[in-house]
Amino acid sequence: MEIAVNKGAEKDMVTVNVTVRYFAILRDQRGAASEQLSTEAASLSELYDSLATTHGFSLKQDQLRVAVNDSFVDWREQLSEGAQVVFIPPVAGG
Amino acid sequence: MEIAVNKGAEKDMVTVNVTVRYFAILRDQRGAASEQLSTEAASLSELYDSLATTHGFSLKQDQLRVAVNDSFVDWREQLSEGAQVVFIPPVAGG
Amino acid sequence: MFKFAAEKIEIEPLKKSLEDDRAGAVVCFEGIVRNHNEGKAVVALEYEAYETLGVTEAEKILAEASTNFGILNAVCVHRVGELKVGDMAVFVAVCSAHRHEAYQASRYIIDEIKTRLPIWKKETYAGGSSSWVNCQHLNNAAACHSEASHGHK
Amino acid sequence: MFKFAAEKIEIEPLKKSLEDDRAGAVVCFEGIVRNHNEGKAVVALEYEAYETLGVTEAEKILAEASTNFGILNAVCVHRVGELKVGDMAVFVAVCSAHRHEAYQASRYIIDEIKTRLPIWKKETYAGGSSSWVNCQHLNNAAACHSEASHGHK
């Protein structure tokens, strides 16, 4: 917590509004297909960790990929206002 | 010819009746789909050489395979009475 | 051309769309719902897809296949929704002048589709249990959606 | 199952004959008459086969594919007679539990069919000349059936 406060102070912590869509096992575990959030998470990585704790997601971050606005992106990417975020569980097409 | 006579004397040269079927370019060059022959050829190899000379076949023996009674066989095989012989030009299925 | 289909995949129109006088080879792949997976009897399954990203990624895969192997054309359709044993889940058709490229491209496309597309499969087994394939883990079976746990394929 | 067909190959009944609840993959290969071969415009062609030996040899090939790759089933049909550009000359369908074996077996079958079966192809080119494919030689073009001479594929 101390660290977060420090970081916030250094980095001008901002709150952004994002939409998170859930698919497959994450949708089941979340009990919803999407939600709108106001978050101060500094990256997609932080956002997933926070949601995983809140909702008890069983998948570790290294099992997932992440997409923003319909493109795969890096977990370290910062959140932008209005972003649509999708965490992508291990796929099983075909 | 001398050689053939000697060989015949040594080997009990026999005459056998065979049917030869022709396909593709050999049929075109022979001008017939099949013929019945009485031959003293000691092997399939000798039979082809003799027919190639007579009919002017353009294909060399090493470009062909040979089948007797619907099975691939070795060129050195002897001819048997009533055999159906097929010389198989380079194939081009598919 | 790639698309998701909520209904049975009709392959004739897809193959028609590939016709080309230069084509000497057409290779088609059909992925079918099997009656078993990893030793368990499968009675039904459901595919769910993140469609917008899925279409973009699939079109990339088709373009890569075209560039890498010099094929004439390729098409792929993936089912979503509920399927039963024997139903076609995915169809890939490739045409090229010669067969070698068609086989290579076909294999490339289906391998990449299975690895890269955001599609998930929930299998229902004899007895009624179900499981999101590849999402269950021995270490945290308690957290899984069903009692069924098995390794990645 | 292998057969020669004097008429258009109908693939639906052939694929029906392969249906199997254990099947997870079906790979189909279609060999199509191209509008060109080795740089020449092809307008028509004719396949001729030594059918009795051809069927025996093809059944051997299918049995080898089954043994080597552990597939569930395979079927192949080859046209004989006159074909035109766009017509299907050969069809191979393989089904197996997983896709890897189906691709391997499919490729094996078509490669062996093309190499081992007593089938010959006479191409007719724009301009009216014709040639038995693989039977013409630069060294003895005069002995050939047409003025067209080209190397082996």
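Note that the chains are named A, B, C and D in the order they appear, and that numbering of residues resets to 1 at the start of each chain.
Criterion: a contact is a pair of C-beta atoms (placed from the backbone, for glycine too) under 8 Å apart; a residue touches a chain by one contact, two chains touch by 3 or more.
Remember, predicted model here, so these are calculated numbers, not experimental data.
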Fill in: Partner chains shared by subunit A and subunit C (touch criterion as defined above)
none
Item to complete: With chain centres defined as mean CA positions, report which chain is farthest from subunit D.
Response: A
Item to complete: Go ahead and note the Å separation of the Cα centroids belonging to subunit B and subunit D.
Response: 27
Response to the item:
Distance in whole angstrom between the CA centres of subunit A and subunit D is 53
Worksheet item: Counting in whole Å, what is the centre-to-centre distance of subunit A and subunit B, each centre being its mean C-alpha position?
Response: 79
Worksheet item: For subunit D, what residues touch not just one other chain but two or more?
Response: 31, 99, 110
Fill in: Junction residues of subunit A - those touching two or more other chains
94
Worksheet item: What chain-chain pairs meet the touch criterion?
Response: A-C, B-D, C-D
Worksheet item: Can you list the subunit C residues touching subunit D in their complex?
Response: 19, 21-36, 85-86, 95, 97, 99, 102-103, 106-107, 110
Worksheet entry | Of subunit B, residues touching subunit D in the complex | 21, 23-25, 27-29, 56, 58-59, 67, 70-72, 86, 88-94
Item to complete: Write out the stretch or stretches of subunit C touching subunit A in their complex.
Response: 31, 47-50, 52-53, 56-57, 78, 89-90, 110, 113-122, 132-135, 137, 140, 143-145, 152-153
